[in-house]
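Next, two complexes with chain A in common: one pairs it with chain B, the other with chain C.
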Partner chain A sequence: MRLAVTELLRRPGRFVLAGVVLTLISLLLMLLGGLLDGLIASSTGAYRAQPGDLISYSSRSENSLVRSRITASDRSVVSQTPGVQAVGGLGSIQLGARPGDDPKSRDPFATVLFGYELAPRGLPATPPAQGSVYADDVLAGDGVAVGDTLLLGPQRSPVKVRGFVTDTRYAGQASLWGSLATWRAVTTENRPGQTPGDTVQALIVETGASPPATVAQTIDEATDGRTTTLTVTRATQELPGVAQQTATFNQIIGVTVLVALVVVALFFALITVERTAQYGLLKAIGASGFTLFGGLIAQAIAVTLVAAAIGVGAAVVFAAVLPPGAIPFQATPARLAGNVGLMLLASVFGCAFSLRRVLRIDPASAIGS
Partner chain B sequence: MTSSSSTATATGERRDQASPPALEMQDARKVYEVAGEDVVALDQATLSVAAGEIIALVGPSGSGKTTLCSIAGGLLSATSGSVVVGGQDITGFSARQLTEFRRTSVGFVFQSVNLVPFLTARENLLVVDELAGRAGRKGDAAARADQLLDELGLTARAGNLPGQLSGGQSQRVAIGRALMNEPDLVLFDEPTSALDSTLGDQVVKLIRDEMKARGTAAIIVTHDDRITHYADRTVHIEDGRVDA
Partner chain C sequence: MLALREIRRSLVRFGLLVAAIALLVFLILFQQALRDGLITSFVGGIRNQSAPVLVYNVDALNALQASSISPDLERKISQAEGVGRTARVGERTFTAMVDGGDTQDASVIGTDDRQLFHPTELSKGRRPSARAEAVGSDADFAVGDKVEIVPAEGGGSVTITVVGVAEDIQLSVTPTLFTDLETFGDAVRAANPDVTEVPPNAIAVAPENGASPESVVAAINASSPDADALTRADAAASSPGVAQVTRSFQVIFLLYGLVVPLVTGLFFLILTLQKAPSLTLLRAVGARKAVLVRSLLTQVVLIVGLGLVIGVALFFPLSQSRVGGLPLGFSSAAVISWSVLLLFLALISAVASLRRVLRIDPIQATRGGGVR
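So, the complex of A and B:
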């Protein structure tokens, strides 16, 4: 092992090509992973911030918040279902928001106004008074400040920003969080045909100690199938575009890891061929094939770790310098560690292609050559 | 009961006659299959090398010198016959046992590709100890390496990489490495072929002095008749047959 490390330190030029290619792959992998996480985060923040365990939609909505309507009577049934600890209504409307001092702005912020009863993470337990909202902090990056008034939709419905909340975006748009009364008033003004009345779009359900999956089934039975109740996690995964984005990015990431594996396999196969005489000599003086192969893996891991470290560093810096909301990019420790793990796996499996070649080198080749 | 005794050799050095022979090769045969046909590389070779004895193995190209050396050094297994090195019968050794045997019981000095190019002269000696792992290490390897480098006149070159050494210095480092594991037998594969005559003569003298000082046996494969003057005995080989 020390022999392999010594070679790496004394002949770094030999590994530069593989290092550069692996670094580029690492940068691509970290960028793809960061974009995927950023996109998913910007699509799902509003759901991930919910305090409950379950979300109930109307069954005809096909689990779409926009299409869902829960009546007051169904809400009452859900509230009384065994295992349900608390229920809160949730409503949403997607509208452009203009600064209060620029009502004719041609470049409104894309926002989603949520009306809530059970406070999502970071919001006060009691929703703000009608006409007031908390805004996702991505809007702060757009210049919105506490105390500003935003004008929503074609009717320029005014809402005053009381404060900011983090990581609550929905469908890539900044969220605004107010009371159900605010949501109803803004919706009635801007979408006269969709006046909510006493309905909400979905119910957030807290189950306490009861198993959420069991309670979900009980709720849907109690409403005679007029509701479809999902865990928040599953509802998050079923948000429009989330599964498709995840699958697409994961396929690209998979191909990238495969390319890393092929690069390591080809490079170290070439190095093994170049070292045939050296390996023959070392075997002749008592090195086993597995000792030599262990050295090869150690070198592959070292080169990969350097490449991965550069990728991680670049991802962290990239995430830090990006203005909020500019590009959906997140450098989470789990993603970065996962990518490093994938690259290490690729390097070990890539090296495995050279195992047979290393083991087959004849120590007798050192003599008589 | 056998008592240990010493006798003077023809060249004046002393070796312990109670030690087992460095090599006992009996009817060793090596057959290769080439294009579906058997090719005999070594034919019923019988050779005995006493402890501390230096043998010059002489023969034309393709005569079986390299095969004999490879079998004696555990690089190859004989197709039939028996091979005992320093009292160890290696005839039926597995590949793993042969690796261990090469690491602990024999030394090699090859014609080319002799040193690990990215290790210094001193590290090229210590690599033998490195390969032995923690369990297989013999005493203070660093001190032994330094002593060998001193004896070989290489102390000033200990930190040099092989690319910074002359041909003669490289061969001296290789000799030092071959002696690091205190072997029973050292095999030299044409050690002077890449050296000019003066340097070659110096290297052969050095080999002789080092082997005799340690009582280590050596087989020197050579085409060079001048080397035979420094050997205790010359063994001829032709068409795989040894004429001892």
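So, the complex of A and C:
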């Protein structure tokens, strides 16, 4: 093992090219993982911030918030269902937002205005007064500040920004959070003929100590199937594109790890061939095959760790310097650590290709070399 | 031949390199197909429709469904210079059932013009000639399908008959139907009986004779600060998500494009260093430099070529399927251009090895050295 480390320290140039290839693969893994996390985060933030355990849609909406309509009477039924502790309405509308001092701007921000009753994470328990909103901090990156007025939609409905909230984007757009009254007023002004009246798009349900899955079933039975109630986690996964994006990116990440494995295998197989005589000599003076193989693994792990560290660093820097909205990218510790783990696994398994060759080396060959 | 004999005697080494290149080629082609499929499924309905110019409300940020055109804006658009025919366009996603089957999402696009904003080519069937007839995306519908819009409580019944199908006309990765504006309005009211008015989402424009789409776009945009006119190609390219998807994949392709030549270059460089004594001996017994160079380049072409063939062979069956609902496709142009590019990059990457081979001094054979 000491010999392997000494070689790494004294002849690092021998490992540079393999390190460069592994670094590129590491960058690819970090980029792919970051893109996946960024895409998912920008689509699901508004749901992940919800305080409740369940979300009820109208059953004919195919779990689409935009198409769902819950009437006041169904809301009343849900509120009285056993196991339900609290119920809050949720409404949404996607509109362009312009700065208050630039009502003719041709470049509005893409926003989703949510009306809520049960406060999502980071928002005050009582929704702000009509005409006021909290904004996702993505908008702060666009120059929006507390106290600013935003003009929403073709009718330029004014809302005042009271503060910011983090990680609440929806469908790739920045969210604005106000009361249901604000949502109703803005919708009525900007979507002629589609006044929500006393309906909401969905209900957020808190179940307290009762098991959410059981309560969900009870709610749907109580409304005679007019609602479809899902846990917040499941509703998040069912948002358009989330499952497909996750599956596709994971497949790509899997094959990229496989490429890393083959590259490590290739490189260390070549190194083993190069060192056959050297290994024969070491075996002749008493080193076991497994000791030599351990050294090989140590070198593979060291090169991989350096490559992975560069990949991690690059991902963190990339996430920090990326202009908001350019590419959906997120560098989360879990993803970065997971990718490092995958690369280390690939390097160890890649080295295993050389195991047979190392064990097969005959110490007697040292005599002839 | 020297090159082939060496490959035959070191099958594992060369096999691993072929496997690495094949996997990388497979990944590149798969991701290219995925990107193309994703973009086509996002905006095929805009890219492959007949209107040369589309006008959204600027608030919609180029999202058809989020746009709403007021009567005043519609009037300004139709009066802009160079505007010939116009059509109102409506688009929503509904819950639907095909022939009484399971519920699914369906995007319905309605227009009040028989020519504007309809699929440019049909792959089967005919164009609609009566109310509630439609052309559907051929990946999702067949001619004769009856598509029922699932009504909300109190909503009326709307059934659309598919009379024709067309390729690559999906919107937002959703099964898509092109029908008339009345049927579209009926569907909106069925899904939400409280709706009292259904404004168009966009206006499709055909320039009058002699006017170019670009000049009409400029004239419409100058007519109102709320109008966002775009040519068909721009409307497709600037749809939400398309630019982000394109940029993200470009970065990924760039990295893969670097990995392939680096892996190949690294492999042959190490191999050349390992073979240095043998190559020196060959030079000492009279082998010309050209023979060794030819041998190296033959190996690069063979190994990368084999990797390309295996990578394409792995990709082909996958390209005939759908991944996460996205139709993939086998693009010969993509395969050829990537093959040429990767082979070229691999040959470039062999330059380091070539330089080493060219620097071999035959006299070193007498001293036990080789490559310097």
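Note that the second predicted complex is superposed on the first by the 364 of 369 C-alpha atoms of A that agree within 3 Å, B and C clash if a C-alpha of one lies under 4 Å from a C-alpha of the other, contacts with A are read in each partner's own complex, and residues count from 1 in each chain.
Criterion: a contact is a pair of C-beta atoms (placed from the backbone, for glycine too) under 8 Å apart; a residue touches a chain by one contact, two chains touch by 3 or more.
Owing to the predicted nature of the structure, the values given are computational and were not obtained by experimental measurement.
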Regarding the shared-chain residue A:288, is it in contact with chain B (first), chain C (second), both, or neither? first
Figure out whether A:241 sits in contact with chain B (first) or chain C (second), or with both, or with neither. second
Thinking of the overlay built on chain A, is A:28 touched by chain B (first), by chain C (second), by both, or by neither? second
With the two complexes superposed on chain A, say which partner A:334 touches: chain B (first), chain C (second), both, or neither. neither
Counting touched residues of chain A, say whether chain B or chain C comes out ahead. C
Which holds for A:266: it touches chain B only (first), chain C only (second), both, or neither? second
With both complexes overlaid on chain A, does A:11 touch chain B (first), chain C (second), both or neither? first
With both complexes superposed on chain A, which partner does A:125 reach: first (chain B), second (chain C), both or neither? neither
Of the two partner chains, chain B (first) and chain C (second), which one does A:209 touch, if any: first, second, both, or neither? neither
Chain B partner contacts - residues on chain A that touch it in the complex: 2-3, 6-7, 10-11, 277-278, 280-288, 291, 362-364, 366-369
Once bound in the complex, which stretches of chain B touch chain A? 66, 69-70, 73, 75-76, 96, 99-100, 102-104, 108, 110-114, 116-119, 123, 127-128, 130-132, 177, 181, 187, 189
Within their complex, chain C touches chain A through residues 12-13, 16-17, 19-20, 23-24, 26-27, 30-31, 34, 57-61, 63, 66, 68, 70, 93-95, 103-105, 150-153, 172-173, 191-192, 194-199, 225-226, 228, 240-241, 244, 247-248, 251-252, 255-256, 258-259, 262-263, 265-267, 269-271, 273-274, 323-326
Within their complex, state which residues of chain A touch chain C. 17-18, 20-21, 24-25, 27-28, 31-32, 35, 58, 60-62, 64, 66-67, 69, 71, 94-96, 104, 106, 108, 110, 153-154, 172, 190-197, 199, 226, 240-241, 243-245, 247-248, 251-252, 255-256, 258-259, 262-263, 265-267, 269-271, 273-274, 326-328, 353
